[in-house]
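Shared chain: chain A. Partners: chain B in the first complex, chain C in the second.
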Partner chain A sequence: MSNVTGIGVSVKRKEDKRFLMGRGNYTDDIARPGMTHGYILRSPHAHAKINAIDTTEAEKAPGVVAIFTGKDMAADGVGSVPCGWLITQKDGSPMNEPAHPPLVVDRVRHVGDQVALIVAESLAQAKDAAELIEIDYEEMPATVGVASAATGPLVHDEVAGNLCYDWEIGDAAAVAEAFSKAHHITKIDVTNNRLIPNAMEPRAYIGEFDKGTGEYTLYTTSQNPHVIRLLMGAFVLNIPEHKLRVVAPDVGGGFGSKIFHYAEEAIVTWAAPKVGRPIKWTAERSESFMSDAHGRDHVSHAELALAEDGTFLGFKVETTANMGAYLSTFATSVPTYLYATLLAGVYKTPAIHCNVKSYFTNTVPVDAYRGAGRPEATYLIERIVDKAAREMGLDRVEIRRKNFIPIDAFPYQTPVALQYDSGNYFATLDRAEDMADVAGFPARKAEAAKRGKLRGLGYSTYVEACGIAPSAVVGSLGARAGLFESAVVRVHPTGGVTIFTGSHSHGQGHETTFAQLVSETLGIPLENVEISHGDTNKVPFGMGTYGSRSLAVGGEALMKAMNKVVEKARKIAAHVLETAVEDVDFKDGVFTVAGTDKAMPFAQVALTAYVPHNFPHDQLEPGLEEQAFYDPMNFTYPGGCHICEVEVDPDTGVTQVVGMTAVDDVGNVVNPMIVHGQIHGGLAQGIGQALLEECVYDESGQIVTGSYMDYAMPRADAFPSFKVDNCVTECTHNSLGVKGCGEVGAIGSPPSVINAVLDALLDVGVTDISMPATPAKVWAAIQGAKTAQAAE
Partner chain B sequence: MYAFEYHRPGSVADAGALLKANEDAKIIAGGMTMIPTLKQRLAMPGELVDLRDCADLKGITVSGGTVTIGAMTKHDTVASSAEVKGAIPALAGLAGNIGDPAVRNRGTLGGSIANNDPAADYPSACLALGATIVTTNREIAAEDFFTGLFETALEEGEIITAVRFPVPEKAAYKKFDQPASRYALVGVFVAKTAGGVRVGVTGAGQDGVFRQTDMEAALSANFAPEAIDGVMVSPDRLNVDIHGDAAYRANLIKVMAKRAVADCA
Partner chain C sequence: MPTVSMTVNGKQVSGEVDARKLLVEFLRENLLLTGTHVGCDTSQCGACVVHVDGRSVKSCTMLAVMADGASVTTIEGMASGETMHPMQEAFREQHGLQCGFCTPGMVMSAVDLVAVNPDPSEAEIRHWLGGNICRCTGYHNIVEAVRDGAARMRALGKAAAE
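Right, the complex of A and B next:
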């Protein structure tokens, strides 16, 4: 067993050595022979007509290789950047899906919209030339906020009322019936603040064309290179997939923002053969702010109907969601199937209805960001549950326990489509209360009061749906892609193993976690395993990494392929050991024959597979390499409890998080250290959303928070030492019993923080605060409550 | 960044000569504002005169109740200086809380006050301590030096050589960080000097750093935090942005001032 570093071991990450030593290979590190540099000239206006673009002077500038505009791409028959998920409206009609040209032709629709590509020998020369391009803009009034989008200026002339779709889920009649019987109705209005993703590595692309073979190559900072190849090749540039290679090398963080097919990918790939040389484009940070798809941006009104004892009877929700100027790849699914289907939360609410209206605005497209829809659902539910408890004079923990889905009710069918396979919300709540020392809170609050601080405790009990997902289910809901995963296990003659996975690591640690699965299953040392991902010419068609799916879907595909390898190896061992296949056991990396001392280590079987001197070739193929595709039966359903403790300084409004406990049930855990690291990162983003981060536009559509000078990213000193633990109920439909851990931190934590802030402010009369709860906002709320109390 | 000619003179005299010879020349000190401005193509100087090698612009001396700090002295040098910590610990503390370690090891006192960013820390100390700005041409009282947003009394070709800070009886600086940039949303420097109490406020004012004279009067009568309770801080002429309105900044001026006075005890 000493060889094995298997499931449950917190081994340090294999990939970190090269990252920490600066030896990673990111897209911007790549220099191709003859490479040119691209600069994208972007719109300074939120909304404007382009009367003319004059590139004459710019083309004469030193070092300029070529300049392209939207007219060049349109003339070449370049298609629209596609949306990957069709939403059917409640009247049965398809959503409105206006064109999204990679370079605009005659109108810009958000600050940062792509207007021209300048290709030059150096980036500085491309920028110099860009300043010589004369554009005759005719500014138009802009639609900015989602709340007023329905009546704002039209972003797309053909889309009336800027409406992308009007969609619903659930049983409105059952909800009306429930509300008619309610003892109490709690109402709430919440905004889920718009976020800017801020991956550490900005987006970067290199487009290249091989004149000899006619093959295109795109190097890209993508979370899912095969999806990019499919979308860009088939829908935008009409390049057959066998002539298009997409490589996503080391990628420095994505958080969802690198799932999507971006216009710049198509622009550099399309332009590469025109200039006959590779073209590199790398986003500057300020460009990322105005061109990476943003996250969240919902406004919701919700009402919860309760019986006298606090039992939830019905829940109805009206949500307005911002799509931005164009539909990003999965934008439409986020406020619908990734959000409204989670509105049951961890509760057995029998009747739920949700209506979602999505609108176009003159802002950067909005799409999935860590959690994607599920943080929005969790925030809404956990805020209204706290508010209901307060209004009815019930204990906020008891009202949760009373309404939790019972342990024996799984599999549990919610009224909003999903069927949760497993969970135990009581266990995670109990463990979190214990770790957070809830019992000691009153004493801590009293001690804080002596220092003039308001101390509060906030809960969030949540469930999410990840491990996305069954292709059949998402297909029936409008997804234009499958959501399986692939794996190839290549056993080399001397026993080393290379795994080719369709998952893509951009910080998650797959090279370690997947290698642990291999070590455990094949009984070989971790260092004998290499994980290869991210190159469509090496890896079978895979769907990539997002939605906490790598282990639950990609890991399961790997297990399936390894099982095939073991079965093949067993046949080889049986042949060599001259026994029946059924008599061969495989354990700890050694094949043995029951009842004998015959044994054959895995590496020896591997060698025999490639040196098949006496194989019965009619029964046994040489080689030891297997491939598998895995399509899950269901989503996976991690859940848990987050408890946040804060101290508010009433003089300044500053909220300090002084305690953060997260107990998450992510199913079985392969590498606890990596899982806890993922949860830490998610908590940082969740607390960031709750207290610090917000993308702010002014009325004209300019981004006020266009840099780190105004967009508040969380720093380490914003956090206490997190207390993290896991309770396990196994996923019932995958062999590993795993669920997914990448997003739980960002999904569960924001309402725990805001509920803690409101708990702290209860005594001073504040009953509502919106995210982010900035010092200025908290202080103003306290002053407002004082004024209101003085008036009474 | 546009192309420019780069000069690195070895003395302030040589720097002055370069400025005189090149009308288009700009000074670069630590570059903490200049470099981002250049990178964003917001400035296009034909010549850049880097003062980093001017040894005569560096160093700290304390004598006769005055701390003199060379204009090219880095924040980190001030923050870790035993002389400054001994004479005006509040000034060392202020320097040690500017930006982050990278900024403190590049940014300079002279660069900070010459730029006169309305949210910079040093200008409040200059005003509250009654500092004298020494230049190649003359000596300027801090009162007269900071003339408006990013504006100073400096003339073309004039280079700050040092700042003289009189040692106060007591002083303290309290900064409320803007949540994103961590510049001062409001910073208040309180100094009790032989000539009375002076209160310098940065971050808050629409015209940049200013003295809060009502607080000075109240504190001169009673140097205690509660003396500030009765002072009305008007929100007029205070900054408004997404991080705080004028009423919030007015509140922070009082809160930070009280905390600074408490720190003086």
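Right, the complex of A and C next:
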């Protein structure tokens, strides 16, 4: 079918006009009748005991409606903000899971911890009143960096050594055996720098209570409203789900940071009936820095055992991960099941073992951020592969090719639990080398040298696991939720279709991509399709959008529901056309009877479904609406090759990315324009991590990078135009053959950038650099290498 | 409380405001023009860019009272009826937006760029947008959109100061 709005076409986005005309509907744009404004007073200390809170003066301040502290919530029996993933430790015991009260009671554990809610007629009045609250803090020494967490002051008195869990995966004995046979062992220590997600829309919530119906409503900047409803209703506030509506309207970017159930959601929802009016809370950017879950923050030591010809024999890794002060919703799964299971990468390394220790520190909770665990794994692998090649005098591309999982080895079972269903890492590498004009690199390098610049080329060949996830698998690994997705297809009497999806778009363009699936499948024009998402009172229970799962899981649920619609419509057509169901074909939006000229367009079937004047009611129900839930069989495994080209100014240490090529196999592509846009965004976040971004705490636990003045958010001039293309191997276990494209850019690119920087600095003797490779760091490394060479 | 009057998107408006009220708050809260966004508190993200007397301004960095007597254009005032401004059209055509949060500020900034530089190069566009942060697009398609928007504006004779 040459459907101009169907699968594979770069259809322009349906949602764009409202965003471009200023007609979006973000949470902070919503004003509810009688709405009050909430301000959260936060801890200025990393760690302190609260001896007393005096709100007397503040309560008298103009415009103040009410002030609440942790004591009020505790007295009301409010529960702890829960963690959604239980990790079982090496010794079989459960992880340590200390309580996380939405408003603290007598101790603050990170700068930004929530101390009180001030509700007032205006935000300015709430802030003024907050200034009048007297808090008697008794400062305590803080544990800040993950490296010293084991011996630092206790963040939670009941958690010895600040250890959340000590966990392992893989076969240690097989790895020891491999290492005993190694010709060469390459060792590396890397830090995966702590990042702050920084979706451009700050988090915002409105809590509301309807006295008449007893129903609570929470408007929230969430990637997954049903998950919030479940976690907040069942675990924190004890509100039954049929009395709690959660709405996530237009959401301005998430990148993982809006998956989690945050304390402020529970605080405003809990307080709304107490003040008898809706309460809006919107984060200021400085609050985002100290209260949005941060990302990454791993320190790892890894060793790769190689045979003389460069074949990988074994890989062993020790990682410590920072959980922050409390366990955020999916924090515990990130350095374990989303990280260590990816340590085979694209290589057929036969023996792998990884030990992960996660610690509490007096910092903001750390959780999933675009890629979540897979960027950390990819960075470690791709750095050590480059280092091994260099140490052994092997070509860095050849060593990769030699160890790639062969094309005919799929499905490929890795030694760390995953089974990759499909992939072709040779194809993406070849295409990327071609697009990046690797052949012309020596000439470009020579030309740059004439200008006094050091030019380098860096590779990253990667695979990731997304389309999260088979419920049975994640359930067996400790997930306290299923990870299916849902869809309802409602065909209206006049042939228009509304799709209710459990997926949630916060920039991904579902309103277009999902409509394309409908257009293709039902043969109706795009403008007859509306996608509804984000409201628990409208859409069936769904798990939301993260882990590049919308198309691979949500799209499949939609396909399943549409297939049911087509089957039902076929029965209706058969009845009207007076033929057997088996004889009815459906193509391009028209039902036909084989071998006759009988035909019935989809819209006519729809009308008949709702005007069932002569239906045999024992055989055929009126109406045309179907629902489906889809639970995938496996993760999906996008992979590819990123090649970065940089130019370093040795006098200033400034690194400019001059070329960024990404060839990703994300399976079949529904809308290439949208997919490439997703990849561009991921690349920018990956390059940002490699060169610019880092959340820095000082020794006392204060955030040094607490605003856009200090946290180096990438601007337009940080990047070149990107070269992006796709190669396709289809996912073998979903009907669309799709894999997922949301995170690949951020997963694959950071090591390509650092490998490029190190390639550029090779001639001046620099062999290691950490992320972010800032000008100061690069310059210092160059000076250090010069000094070392002079001393030799 | 002081009173302010200004022209917003061609309409005369006035209201009583707290002296400390920012222009962006006046637009969003008093006039319900919520297309102008707030993405930071240090005047860096550019989500709040509007035009004041024809030039791009960060409306989070200006008090409402400072705009007294001014002519303000917000993203809601860019289209003619349902026909989008050529720069808005270009953003849609080139997929220059994803979540849409930075978008109004980007468009307002880009239109001002074309007013002062009708045919900006890639480097000039990237430099000009230094005060507008986007976390979604990696800027690639925003640059394409601004280039395309500039061409559309030139073709319509709109590239001269708006």
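Heads up, the rule we're going with is that the second predicted complex is superposed on the first by the 788 of 792 C-alpha atoms of A that agree within 3 Å, B and C clash if a C-alpha of one lies under 4 Å from a C-alpha of the other, contacts with A are read in each partner's own complex, and residues count from 1 in each chain.
Keep this in mind: contacts are C-beta pairs under 8 Å (C-beta built on N, C-alpha and C of every residue); 3 or more make two chains touch, one makes a residue touch a chain.
It should be emphasised that the depicted structure is a prediction, and the values quoted were computed from it without experimental measurement.
Touch criterion met: A:Met713 reaches chain B and chain C at once. By the touch criterion stated above, A:Lys17 is placed in contact with chain C alone, chain B being left untouched. Of the two partner chains, both chain B and chain C are touched by A:Ala124. Touch criterion not met for A:Gly440: it reaches neither chain B nor chain C.
Once the two complexes are overlaid on the shared chain, A:Gly393 sits clear of chain B and of chain C alike. Taking chain A as the reference, the larger set of touched residues comes from C, when chain B and chain C are compared. Look at A:Met673: by the touch rule set out above, it reaches chain C but stays clear of chain B. In the superposition on chain A, A:Gly92 makes contact with neither chain B nor chain C. 124, 286, 708-709, 713 are the residues of chain A that lie in the contact sets of both chain B and chain C, per the superposition on chain A. Every residue of chain B that touches chain A in the complex is listed here, in rising order: 1-2, 40-41, 176, 179-181, 183, 241-245, 247-248, 251-252, 255.
Within the complex, the chain A residues that touch chain C are 12-13, 15-24, 26, 28-29, 31, 122, 124, 198-202, 250-253, 255, 284-286, 506-509, 673-674, 676-678, 680-685, 707-709, 713, 715-717, 719, 721-722, 745. Chain A meets chain B in the complex at residues 124, 127-128, 131, 286, 651-653, 692, 696, 704-705, 708-713, 774-776, 779-780, 783. Considering their complex, residues 18, 20, 28-29, 32-42, 44-45, 47, 74-76, 78-79, 84, 88, 91-93, 95, 97-104, 107, 122-123, 125-127, 129-130, 132-143 of chain C touch chain A.
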